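Letters A, B and C mark the chains in the order given here, with residues in each chain numbered from 1 onward.
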């Protein structure tokens, strides 16, 4: 069913902006979580879980809006792909927090702070970029910066691993911690995949 | 070379249906495999391997048919992508079984049963959906259910890991088992990627 | 800004050819690296790092050329995707070498040689295919061979893992080595993803 025409596009941009803000809010909770004392973590994990549901609903709203829209600001498959990739970001963050609770990890590895700082900057860049989606070619800086953040995240991740393997911790403990750290690294990758879809949209229009 | 026209589309749907049945058959063998006593496993691994070859041939038949077809029911790249993604499912299952044999694992971790049950439901949904590909927009339920199964699979996977890390097994043993469990988790993801291609097709047509 | 027209396409093919040669050169350095005595490794790691920068620059040159080109030999998004996927290959190889240095690994696991041999053949095939991109349908053999190499690489990888887990090494040591081996396996996958984009281009034109 194709109902609306013009105001349609504005609705897409609104929904993507909401998702951007929701991602920034999720990374804020993650940041609090990794610094929080043990007794506050359950509450923060719960809050993150709620934000994940908010994100899910916005993702579905975009897809439903896509099904009902006659005119779309970009190729339909790119809108769909962008929505799915954005959803991955919060899923990965939620998984990292979930594993920390499941494994009853008290002390996260040194270096997680640096990972989360990079995620925080990526989240801010993404939240600022999404409201400007109507002009994808104006987002070159965003794309370049996300790529350079992802490079930094890769390096931070490898340095973290090499400390994790230095022999102070038992192998099973290392494996658990690595699982958490891997999810944070996946979140950094997810931000890059989002930027790649945005870049694809820009490239098509150039 | 573009030879045929109309009956072309029907052939694509037939081939995709065959692949769907083949995936369902593969997951059935996997299910038997994880419950089977040690001495029956080699035979089941062999059977799965044959099904993997059947799938490979059907995948190549689709790609060749694509090269020869003038008219296609969907965008050519989506047919190609769907064929490739479907191929991944059986590859992942085959890898899990292969590793179990290679590592001479006797007892798979508690929780693998639950993983395989979820794969089994995903396989059924996929096998039912593929013969209905001609109406991709009628497949919303399929896509929603696969996504919710994948969420369940994620949770089952994390619970399984947390049991695996509880200190009863030695680290090297845990690593081997995790490798197998990771391949099954990859198969769950692969079903979701298939559903995503189907959804992309639907979205383009909406 | 769309400036040029005809000579545009030739420039794309030149840049992709350069990237292909750069990948082949990178795998040559990797090959030397895994056989080199400890004291030569830092220098080879450095050389690989420089090749990675050369690749980055060529990737950016393609994307900039894309932004400025009115006529493109293939769909704009496929050119973009191919550039990004090619970039992944050298990134993965660089990561494997980087981890080897970071972890101060002296002896790489038996079987890494076989992995690197397969990467070397994939690099040669890719470097030969890219100058022939103007006729993507003539590249069926390339695609078939890369897929079969990737299958071999999967098997070599699993055999390598099963030796790695055989109990001779300590768990932490195994984890480090696996990290390196995983990056090489990722490079094999990356070659397949490149071939998939090439195949998508061919499929669209068929």
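Heads up, the rule we're going with is that a residue touches a chain if its C-beta (ideal position, glycine included) is under 8 Å from a C-beta of that chain, and two chains touch if they have at least 3 such contacts.
Fair warning: this is a prediction, and the values are worked out from it, not measured in the lab.
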item	value
Category of the chain touch graph - line, ring, star, complete, other	complete
Same vs different contact residues, subunit A with subunit C, by half of numbers used	different
Angle of the C-alpha superposing rotation, subunit B to subunit C, to the nearest 5 degrees	120
Between subunit C and subunit A, distance of the C-alpha-averaged centres to the nearest whole Å	27
Multi-partner residues of subunit B (at least 2 other chains)	171, 175
In the complex with subunit C, residue positions of subunit B that touch it	2, 63, 66-68, 76-77, 79-81, 84, 95, 98-99, 102-103, 170-172, 175-176, 179
Subunit A - residues contacting subunit C, complex	137, 154, 158-159, 161-162, 165, 167, 171, 174-175, 178, 196, 199-200, 203-204, 206
